[in-house]
Amino acid sequence: MRDLLGRLVGSFGRTASQRSAERLAQRLRLLASQRGEASGAVLARRAVGLYGRLDKSGRRHLFDVLARDFSPDPKEVLDAAAAYHHDASAANLARLQRVTEPLRQEIFRRMNMAPGGTAMLLALRTELLSAMRDDPALVVVDHDLAHLLASWFNRGFLELRRIDWNTPASILEKLITYEAVHEIRGFPDLKRRLERDRRCFAFFHPALPHEPLIFVEVALVDETPCDVAPILATQSAVEDPMRARCAVFYSITSTQAGLRGISFGNFLIKQVAEDLHAELPNLKVFATLSPIPGLRPWAEREAPGVAGASDSAAPTGPHDREALEALAAFYLTREWQGSQALDPVARFHLGNGARLERINWGADTSSKGIAQSYGMMVNYVYDLAMVERNHEEYVNRRHVVCSGAIDKLARAAEPLLARTPTSPSAPVPG
Amino acid sequence: MRDLLGRLVGSFGRTASQRSAERLAQRLRLLASQRGEASGAVLARRAVGLYGRLDKSGRRHLFDVLARDFSPDPKEVLDAAAAYHHDASAANLARLQRVTEPLRQEIFRRMNMAPGGTAMLLALRTELLSAMRDDPALVVVDHDLAHLLASWFNRGFLELRRIDWNTPASILEKLITYEAVHEIRGFPDLKRRLERDRRCFAFFHPALPHEPLIFVEVALVDETPCDVAPILATQSAVEDPMRARCAVFYSITSTQAGLRGISFGNFLIKQVAEDLHAELPNLKVFATLSPIPGLRPWAEREAPGVAGASDSAAPTGPHDREALEALAAFYLTREWQGSQALDPVARFHLGNGARLERINWGADTSSKGIAQSYGMMVNYVYDLAMVERNHEEYVNRRHVVCSGAIDKLARAAEPLLARTPTSPSAPVPG
Amino acid sequence: MRDLLGRLVGSFGRTASQRSAERLAQRLRLLASQRGEASGAVLARRAVGLYGRLDKSGRRHLFDVLARDFSPDPKEVLDAAAAYHHDASAANLARLQRVTEPLRQEIFRRMNMAPGGTAMLLALRTELLSAMRDDPALVVVDHDLAHLLASWFNRGFLELRRIDWNTPASILEKLITYEAVHEIRGFPDLKRRLERDRRCFAFFHPALPHEPLIFVEVALVDETPCDVAPILATQSAVEDPMRARCAVFYSITSTQAGLRGISFGNFLIKQVAEDLHAELPNLKVFATLSPIPGLRPWAEREAPGVAGASDSAAPTGPHDREALEALAAFYLTREWQGSQALDPVARFHLGNGARLERINWGADTSSKGIAQSYGMMVNYVYDLAMVERNHEEYVNRRHVVCSGAIDKLARAAEPLLARTPTSPSAPVPG
Amino acid sequence: MRDLLGRLVGSFGRTASQRSAERLAQRLRLLASQRGEASGAVLARRAVGLYGRLDKSGRRHLFDVLARDFSPDPKEVLDAAAAYHHDASAANLARLQRVTEPLRQEIFRRMNMAPGGTAMLLALRTELLSAMRDDPALVVVDHDLAHLLASWFNRGFLELRRIDWNTPASILEKLITYEAVHEIRGFPDLKRRLERDRRCFAFFHPALPHEPLIFVEVALVDETPCDVAPILATQSAVEDPMRARCAVFYSITSTQAGLRGISFGNFLIKQVAEDLHAELPNLKVFATLSPIPGLRPWAEREAPGVAGASDSAAPTGPHDREALEALAAFYLTREWQGSQALDPVARFHLGNGARLERINWGADTSSKGIAQSYGMMVNYVYDLAMVERNHEEYVNRRHVVCSGAIDKLARAAEPLLARTPTSPSAPVPG
């Protein structure tokens, strides 16, 4: 019905934007055809140009058309599936794959052939993700685009580059724009973060040579830090990196909204840890200093007696500290959402095979830090020799590998809770 | 049966090579699992290492396993297709795509994450293509790998580079190794082909920075050549390229057996023509000097009276010349194999939108030239403004766009033939 | 006497710094000897290291020693000169040159062999120039060092590089530090100066790859500007450089105190004008927008009736404007100091062969602009075809080539002056 | 007289070439003047262009003019020297230096400002050195040019680059052209010399980025070699460089005739030894395998009884071997020419501070090897810790530092000689 109505309206009341979008859709169909194979570069260039000239309404209309008109034909699919079921031959498998792949995928592949095509597809997906909030049916388009991008941004095609003060300003400027964890207050602040006792590494893709896709900031220090302020201080003395014993990953930021859901952080941290280890043999510990973004809302819900009303200031008495640390330990090690840790940062590092090492009271006393986690932060430790085993524990046994101290704290939290924990699993001291 | 027998034999008599291949297959399954997502880089590195240590028999066994055990499950596919047929929802489409994609694809994607992964996959496909000659069932593996490689080696990811005498010797050496059309007899010969009145361009992929994937050799000359010898002469004077009026594409070579069927030639020729046009505004004509590889066998079959016995020397009388040129024109413009020109070189250039311009008697008097085409070669002309229209004619109307002279020659051939032509279409003077 | 006293004091009361300086001087003598030839790299590295560890007093003492002990021997020089006068043979000339060249030159050459040697010599000269203010006898050291640096920083060894937003931040930071004409207020201001309708070029020397030696900032605009504010506005729209008709050199800055007196500005402006002309054929005019730094002090001295007391505000009435413009024209075209124009900026551009084109009232209303030149600025025009002829006029005939309007203004100034002009030459309309 | 006659002939019978050369000489005078300062780049470009168009006779005439007309004025020199002798003031020293420096030097500096100027000056000197064989008076021109080039090609301005198979072919081709010690028979031979157990390093100057100025070839082997054949074998297996214990400098070649007398070999060998030592810590010995070019002619003259007639074949008996090795040891350690070793290769390595280690019988059985040194070669060892001490011994005490075995051999040679040795010094076992 929606379709029919749309078409009827279309013939009378389409706007100029919509007509532009439909003309582009026709060209895209052509681009994905055999003719596109021969004149692909020219047609792709034109299509990318036309897309760039669509206004917002035109782009939204194009997404609609892509979702509606470029999916596989259910009848063809069923016939091909039946044939494959009857005889799982190579020919039947090829036919099945051909009719099952939406034409959209080939369209995106061919648009990518134009200069600037990859950047355009990332911009398109950024807008598509936003449009999906209004129109969930667009998910079929996103599914195809995400599938392609995950394949194209394969780790094997990414280049790890060190970012320092000799990096072009155009790239450094992007770090300032994108940094999500600890805001960079202009070039002088950034310069301190790129001195020789700090490091910054990013993944780049050859098709976007000036765009850091994800970057990690590292401080080379004497010992695992319990406080982020000294790391961010812009006036601190620059230390000799050869003497550092601990590499702290204090910020990791993905930059491309158009790559949402395609994760490189895991590869980045491990590669950087390996490379730093080779360059600076005195480094013994690779750890993060990480926020606990979901702690306070959870604690106020699950242990209201301890955690206080959500609009009060942070509790500060010594008793309070013990209780809140215990709750943090419990939250991080025993609260799950399906097969994943409840806290999103914990989920990332534990899923990567890190060990939960230490809770740091008063580590981030900014208002954001107080509001998230009563000012606490945690260290996750990457022990490259143990990463696989830890990951196994986490994925296969739903055990969070943690230090003995955290395990003890977590056990102390049980009496404080208003209900039984969601996870039957105990954390595993590692 | 084959399968069952294989498994029975397997349990008793598997060789060490086969056991290695099966261990690797198990690891590949693991690599494609969720665990592979977290520890992917490490597992991929190991898998690539293991593959490198398999002997030929082990590799063949691995291909068997990949073909046999990693295809989609027909029952799951049928159920998903039925659900999609019943309700073409986003969720059902996602499920359909998930169960239809063979696990092999994800395996190959993850192997690619290791350093050297892309090169390894090209080597694997080279061997797979060879193994397919003995065991056509392996085509299902090739289908998946070819699909991925076509996506990864998308034009948008290729870099066009000029090759000249300042190019690293390691790359130049590869030109000597790969050149398929006109053999390069060592570095001094190559040097002449890279002087300023000659050009060489190649596509590179960022994951294989030292491997030219395809390269084209161009001579910048006064007029469309009718003879290849002056172009290849190593002692010729170097001319001023600013004065040249014609760019001759005299050789185009694909280098990677592992990329068979994934064509870049079309993009390469057009991009090079555009770039040369911008650099050297005096260039008016972009043409090839191409062989006619299938002419003589065809002529001996179709016009035995003219063409003579296959083991005789080339005919040389003036009458012969006219007759043979007519046959060549007919063969190139009116002989089809399905929707494609019969001659493979014609198929490539006509499919790209080139125009068939001129037949050159005595253009290649090497024994190979005589054996293929009585020593004739042809010029295809790339007129960038007409390429799309020519391509349309060729693809949609099965018309070969050619010069009036060739059209006339082709018509003169009809009485010489032993039978009616296969194509109802007449060539179209363009 | 000074010397003798110094030596006496030396034997009793030399400080530790002085003793370090003297040890270094001994090593420098060794470095310049035959032994230095064989072990030069090692000895040079040590000498550069020792110099780096001298404190200010030690460095001053070293300069003293270099001035005192490393000059040619007057007796040897006289003998060699007499021999050359008697017989101007090759051998006598070689001997003369050998004994005339101070050992300091060879010392500096050999220090340059160490890594970082060139940068060290520039730092040494910077300090030497400062020390010369207290002790003019050090000029003999400077003479040798300046001679060497002028030879080493020969135009043929400099590399012209465009500076833009893709330039490393470490280099951009130096532009901010060094810019002397129109202060750059941080990276955002700099970014506007590097957009595509602005250009920045610098000379670099291979031994100092991260140090711009001199840089020029250019605005690409519609017409010769009469006001610097629009050029420096950070919020202005970015224009299409292909449409610009005028390239304005609005700032040129030398960065290295250690290269004082070694001029590259002449080469830089002409090379940039040539390159821009080739890139942007629509550019018709290459002009500066320049300050008149010495105008106001001169006018207050020479035409006190017009120019007013030095501490009053700028005169603003229309009569005043005419009179002050006339004085500016007179000052720039007819006031000389020896064989050079009196105004230092005029001296630079006229010496380069530029033409004085236009006086711009109210072009720089900053307090500095008012204090220097009543807010006026001037345009010098570089017409590459006329540069040599203009230069000839200036150097050989002491004529300033200027526009007719300026010539007329200058003549109008004569009655305003308190005395007869210093120069008999009239400006030459060009 | 020669001058006067030349001028008389000049006015009547100068050839066109000579007139071109004289016009150029006039322009060079202009270039070196104040006008050249302002319009230097343009004038220099023209001068370099004119020089390029002179024929051989014109160039020879230009050299004559440069020698004759651009030397310092003896009267001015004498006056300045007298003034300096009377009062060694800074001003008098500056005046002395100004009148003593030939105008030629400034001319060469200004020609260098043109694009390609440095290369042109090297070509000019190459021809000048050849012309000097006919006309020794040209040495005054060479003296100035050599002085400048030595200053410009200062070690501090040279860049050490590794040459390998990824180096541009245009540079590799030059190695083949220039290699003087062991001829490179085409690219395949060169490729073997660039595998990972071989190394090649060269110095480059920024003004000649494609010209290796000097290059050294190194083999990484198990032990100090006594035979050059295995090193040059093109079919040998490539070894793991990490296991090598000895780096053999088996060939060192200067490429630029225009830099004759300006030595970089000393710096190159030591820098390469340092760098290899840092990269490959297992390397314990840095040694050469060097020819003894002057041995046989010397031996036939000094010990005719042993050495045989010069046109006979090489002696081969065991007695002969002992006697010839003794003569070689004597020749290398005790035969001097002034303050230098008589043998040119010994002079180079001993002057660099190497130790003479071992005589290798039958090390080079090529006809050249037999003719030079009865097929013997020697190892010089570079022990970086001892280089300075060895050099001191050689330069200050005229002692050749050598192994005990060589010392013993040298002593055994004395009875074989027809006369008393020229050197009173005994070699010093080191």
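So that you can tell them apart, the chains are marked A, B, C and D in the order they are listed, and the count of residues begins at 1 in each.
Basically, a contact is a pair of C-beta atoms (placed from the backbone, for glycine too) under 8 Å apart; a residue touches a chain by one contact, two chains touch by 3 or more.
Just so it is clear, the structure is predicted and the values come from calculations on it, not from any experiment.
With respect to subunit C, maximal separation of chain centres occurs for B (centres as means of Cα atoms). Note on chain placement: the centre of subunit A and the centre of subunit B lie 39 Å apart, centres being C-alpha means. We define each chain's centre as the mean of its Cα atoms; on that basis subunit A and subunit D are separated by 61 Å.
If you average the Cα atoms of subunit A and of subunit C, the two centres end up 53 Å apart. Multi-chain contact residues of subunit D (touching two or more other chains): none found.
All chain pairs in contact, by the document's touch criterion: A-B, A-C, B-D, C-D. Against subunit B, in their complex, subunit D makes its touches with residues 165-170, 172-173, 186-187, 191, 210.
Contact residues of subunit B toward subunit A in the complex are 34-35, 37-42, 71-72, 74-75, 77-78, 80-82, 84-85, 88, 90, 93-94, 96-97, 100-102, 109, 112-115, 117-118, 136-137, 139-140, 143, 147-148, 151-152, 154-157, 159, 206-207, 266-267, 270-271, 351-353, 387-388, 391-392, 395-396.
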